[in-house]
Amino acid sequence: MKDSIRKAHLASVTDRFVRGQMDRRSFLRAASILGLGAGALGMGLGRRPFYGISQASAQEQELKPSAEITKWLSDVGKPFAGTTLRLATESTPPSNAIATQLKQYFEEATGIKVEIEVLPLEQVLQKLTLDVASSLGTYDLYYIDQSWAASFSQDVFDPREQLKNADLAMPNYNIDDFLKPLVDGIAMYEDRMVGVPYDIPIFITQYRKDIWDELKLPPPATLEDLLQASAAITDAKGPNMYGTSGQMKSGHYSLECDWTAWLWGHGGSIFGADGKFSGNDDAGLAAMAYWDKLKATMPPGVDGWTWDGEGQSVGQGVAASMLSWGEFFPFFDDPNASKVSGLMEAMVPPKPAATLRTVEQTGFGEIPGVGHQGGSSLAVSKYSKNPDAAWIFMQWATSADTQALITVLGGGTGPTRTSVYDDPRVLANARVGAGTTRHLPVVRDTIANYMGSEPDLPAWAELSSDMIPVALGKYFAGQSGTAKESLDALKTQVDDLVAKS
Amino acid sequence: MRVAQARRFVISDHPLPWLLPLVAILLVFTVYPLIYNIWLSFHEFVPRRRALEFVGTENWVQLWNDTRFWQSLVITFTYFAIALAFELVLGMAIALLLDSDGFGFGFLRGVLTMTLVIPPAIVGMMYLLMEDPQFGVISYLLQSIGLLNPNNPILATASTALAGVLVAEIWQWTPFMVLIFLAGLRALPPEPYEAAMIDGASSFQIFRRITLPMMSKVIAIAVLVRGIDLFRVFDYVFVMTSGGPGAATYSLSLYAWQQTFSFVKWGYGATLSLVTLVIILVIANLFIRIAKVKW
Amino acid sequence: MATVEYRNIAKSFGHVEVMKDISFGIADREFVVLLGPSGCGKTTLLRMTAGLESVTNGDLLIGDRRVNDVHPRDRDIAMVFQNYALYPTMTVFDNIGFSLEVAKLPKAEIRKKVEWAAEILNLTPYLGRYPKELSGGQRQRVAMGRAMVRDAAVFLFDEPLSNLDAKLRTHMRVEIRQLHNRLGTTTIYVTHDQIEAMTMADKIVLMHAGRIMQIGTPDEVYERPNSKYVADFIGSPSMNFIAGAVETAGGGPRFVAEGVSIGLSPEIKAVPGQKVIMGVRPNDLGISDAGEIKGEVVLSETTGADVQIHLRVAGYDAVAVVPRDERRSAGTAINLSVLPGKVHLFDAATELRVA
Amino acid sequence: MNGSFSTRMLRTIAAWVVVAVFFFPIYYWTSVAFKHGNDIFNRPPKLFAFTPTFDNFQKVFGISLGSGGITVTPGGGNFYMAPRVWDSIVIATLSTVLAVAIATVAAYALSRMNFRGRHSFVGWVLSTRMMPPVAVAVPMFFIYKNFGLIDTYTGMVLIHALMNLPLAVLLMKSFFDDIPSEIDESAIVDGASRFMIFRRIVLPMAKGGVAATAVLCFIFSWTEFLFALTLTTTSLKTVPVVSSTFVTSIGTAWGNMAALGAASIIPAFIFILLVQKHLVRGLTMGSLKQ
């Protein structure tokens, strides 16, 4: 059997198994014919438990770090054998893939132990805060959400500096392979590089092709299209199905994410060039007017949801579309988790209703764009007691080879390197089913052309996860008058806080 | 019996060795944090310099002018009062109901305690799921009997969000009250009841004139312990509403947590914590005074 | 075996002085009963003796040793509590043997002593039981057993029979007394029941409001109460009292009140005209037509062997105990007589005995 | 309080109904643990009619429970929680033992020994529970870091014991207060030392109280969140802390969270059942009063 044929066959067998169309016994038989032992499947009670089986791990024999990299790891990592590295990270696909499936290869090759603490986002912030404030060096590597880049910029090494140490540099690491917009949007703060882009959840349009076809609606290419289509669906199918969904939980970071998409999409920005809040200008009010109309077409309760509720509403067929994190796309294609497997289509975010502002017209490095990105970077802490070992791990974790493995194992998250989008292992998963990568071309396109990035300033954590979403939450709960009144009040608060810090 | 209890020995070995472990652990673990927090409340973390710097009374002045603080104080009080009232009354009623040696009652008491062993953070998630406007079973039930407008999700509507959180709180902690009250009820001597029944008292009279007074110490302890925890409510609001919608369910503890951990305002967070402590101290002491709790 | 001596003992709780200047001694092998109503201080005095209550002032001696500051365990005493204070989590055997176990006696010796005590107290079949499985009388005996095995110099009993029913109480009274006869240990016994005191004591110490009213043998206390209080407290039914005055008109001294005129024995040194209270025990009254006491029958109660006749005499209520065939119906006027030697006189003002 | 047959029936029915209402959320949560994602989010909510699956338990506990479909849930599969349940059991058990030990000793002295300021001492003990946990967590973090207690069983056991001490002291004191002091006096006269009285007589009598106190300490340790979050990093974690890791960047793994939640009721519940016998004795301690 030719290798590519075997691979395709294996993919389809695994997919049938995953979809529940094939029982376990037949799957194992088929898999063994295709050259996979049960051991490779991680059966039974061993160290690698049963959950390891997925579409991806069935191809495990191929899903291993390249020999070349393993060789480099064991050469360069030898002196550090026995040390332990710690990383606190949000529970994201890359971190989970590394923690559960990939770090063993690193540990075996280097003898360096890696402990990964997986936490919800706000708890990661708490951990890093304590670590930084006390300069304790509990964690060797920091997972830095783009909204914290400014806060932690002085606490981590600039990877460009680290690369200068030839002894520890990974061959072909190629820092220029990282998507340029991501480096600018996530990692850069002023002239420092706060780690390298590690993870890139980004807003893309995800919609029900079948519903759109049924109602003969044009694909949501513009914001107006989206509103019209959504209203049409809600009219036709409500209350069983609504046109679109949102993540609008009051006081939660996710509400701020949604806001920026509409704000930027109407030619607005959070800050003006003078560094003052400008979300209450005409463009900002137009965005709110649009948002109000759009919200009327969303399922009631959308203002209680974070991305979880939003994703579930689409996955369970309650909402027909969402402009939200692309990471959800593989989840929608998973027949066990959602009711819309194979029915979803991804496309780049809608065209803005007005010209986007340029970076020069905004403040604090804010980059307007409907495709809101929520990326994060990985960096070595300055307080680490083993910065060299940590740097080795970081290069490995963000190398093209590892990222390709992450993308396949971690369920189709967006890679941060150009080359990974073209990796054959990644391409092989571009079919309907759990862990699909068929939306990645759209992600790549969005990153390149439609991405929006939040501003970088030390007060941003407080603004984005408290002040803004609380004010917006008040507005939608009807506690603070008109949109103009609400945003005017918000402006006073924001400008106050920014002035103070 | 009471006289004998009031009469303590004179010949007693020194209490110090008995109290030493307690005193030691409390000193290290509570007095130090207290002093640290007082110190901290006159400082603030300056992110640029990665250092705590002296700011005088700035934090306290800020607190005084902070509408968010006053708002969360009112919300915390409301939460505290409503939850305590419900848990007390429901707890007592259920304790009376379950105070029976009849068949199956032991089993029922055991089942009831199960609510207590689930971490509050998980309970918050449970209720978040059950109160989901689209998929939640509680929302569904209320909507189908017409008590809830589908357009007003429980947790995202300002007027009902607090109630939505309180349901989780009361569900989890009423059994705690039941447990303590049952212990108290079971320890009551039977004679006064027998006497009262012969006197022809009604069940309600028996409860008011005999059970309640005899249970007063147990009730006082329950109110104190639960009241203190209620005033520090964090998990439920954190998980279920993030303090929203707007600031409708923002509790003092949530505010202090956020200032401390999310925004690295350690000084202000410490100030908030100290105020919370002082308020609890005042209320608890008033209560001890009024209820004449004797240790 | 030991003597106990109280020298000017005083006791205060905070600023409240509850006991003042108590002094008396207890001889070796003596059975002393502290008698008095509740709140008179008898239990406090006993607890001071045990060391469970501090002595505010004065000296407390057991044997020749001043024990004010001696720990209870070093006072060589044993105590039986009103509610027995049995250890509910231990068997009868362990309850009785606990003090020996504390003293680190060898197992065999403990067994021997416990079995000896159990034998005497008829507890042998119950040694394996727990206190809650025993009757009241058995628990009481266990409490005594605990005291017995200790070879203590002094036994302290704090109202040990008050939780028992009447019949059992009578029975236990005898047992305790027999036990004392057998062991001979110096015993201090607190009770408010004057019958217990009368039947058991070698010496009664009658207390009232933190003071000692009288010390004496049961006979002395009964026959020569030194105050109206003691006279009233001792004896059942209580002594009859009639207020009047002493007159000497027409011969020897006489007690005179309305409808009463009784010749007094010559030894009584009463001043003529002195206001006094006469006391006569109900048993010392006899029905006699020539009697000098005139009264009217209110009610006759048959108690079995005797009849208690309730009377109105000189405006006072009185009781006479007479043989059962001397019953009288209500409303009858009768005359009563009394031997001069049986008349007690107390000064009306001081209420002390006129002797 | 016997009442007629119909009153008793009424009472029994009422009791079952009330407990059923309280049990319902637990049933519902447990059912979530046996559901595929599709069935968790369904309109209307599914109460009984769903195809049960062991997937969630398999993921959370890393064991194979027979055949069944395999899910790739959001988050990939970082949810192997069996060691965390073990951590929780160890911490809750040891901290309960420590808290109860310190508290009973102190409560005995507070109940039996008279000293100046006893009343205010008890008040002080209680007041140490009034500090918001946030205010304790930060300084504790520094202390722990200095003494190397972060991420250790010792550290977690200490902090949880500390947190439970006020309640434990208060409860144990009230139980000791209910034991007649004549018992102690009798033993004193018998020559026993204070410690011996405590160990041999009073403590066995207060067994029920100890059990009740232990149950509450265990529960509070079992469910504590903020200290466990702040004072651990990677080598140990408790169930409440790891529960929050089910909230991921690509949605919440509800089924897995419910599986852990439902399974973690079991050890705590077993603990309660183990002490249940004594608990009942503790609750009926009135029979010892005279």
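Just so it is clear, A, B, C and D label the chains in written order, and each chain counts residues from 1 on its own.
By definition in this document, a contact is a pair of C-beta atoms (placed from the backbone, for glycine too) under 8 Å apart; a residue touches a chain by one contact, two chains touch by 3 or more.
Since this is a predicted model, take the numbers as computed values, not measurements.
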If you check the contacts of chain B and chain C, which chains show up for both? D
When B-D is set beside C-D, which has more C-beta pairs in contact? B-D
Which chain lies the greatest distance away from chain A when centres are computed from Cα atoms alone? C
Quick check: how many Å separate the C-alpha centres of chain B and chain D? 16
With chain centres defined as C-alpha means, what is the inter-centre distance between chain A and chain C in Å? 93
Based only on mean CA positions, could you tell me how far chain C sits from chain D in angstrom? 57
Between chain A and chain B, what distance separates the C-alpha centroids? Give it in angstrom. 38
Do you know which chain C residues sit against two or more other chains? 51-52, 72
Touching two or more other chains, which residues of chain B qualify? 7, 9-11, 134-135, 261, 266
Which residues does chain A have that touch at least 2 chains other than itself? 126, 130, 312, 316, 318
Contact footprint of chain B on chain D as seen in their complex: 1, 8, 11-12, 14-16, 18-19, 22-23, 25-26, 28-29, 32, 40-45, 47, 102-103, 105-106, 108-110, 112-115, 118-119, 121-136, 138-140, 143, 158-159, 161-162, 165, 167, 169-171, 173-174, 177-178, 180-182, 184-185, 188, 193-194, 212, 215, 219, 222-226, 239-240, 243-244, 252, 254, 257, 261, 264-265, 268-269, 272-273, 276, 280, 282-286, 289-290
Given the complex, residues on chain A that touch chain D span 17-18, 20, 23-25, 43-45, 49-55, 86, 88, 90-93, 95-97, 99-101, 115-121, 123, 126-127, 130, 134, 136, 138-139, 199, 201, 240, 307-308, 311-312, 315-316, 318, 325, 327-328, 330-331, 334, 336-339, 374, 409-411, 413, 434-435
For the complex, which residues does chain D have touching chain C? 180, 182-183, 185-193, 196, 200-201, 204-205, 207, 287-288, 290
Which residues, counting only chain C, touch chain D once they are in their complex? 50-52, 72-73, 77-79, 81-83, 85, 87-90, 98-99, 102-103, 132, 146, 150, 156
Contacts from chain B onto chain A in the complex sit at residues 45, 47-48, 50, 132-135, 139, 150-158, 241-248, 250, 258, 261-264, 266
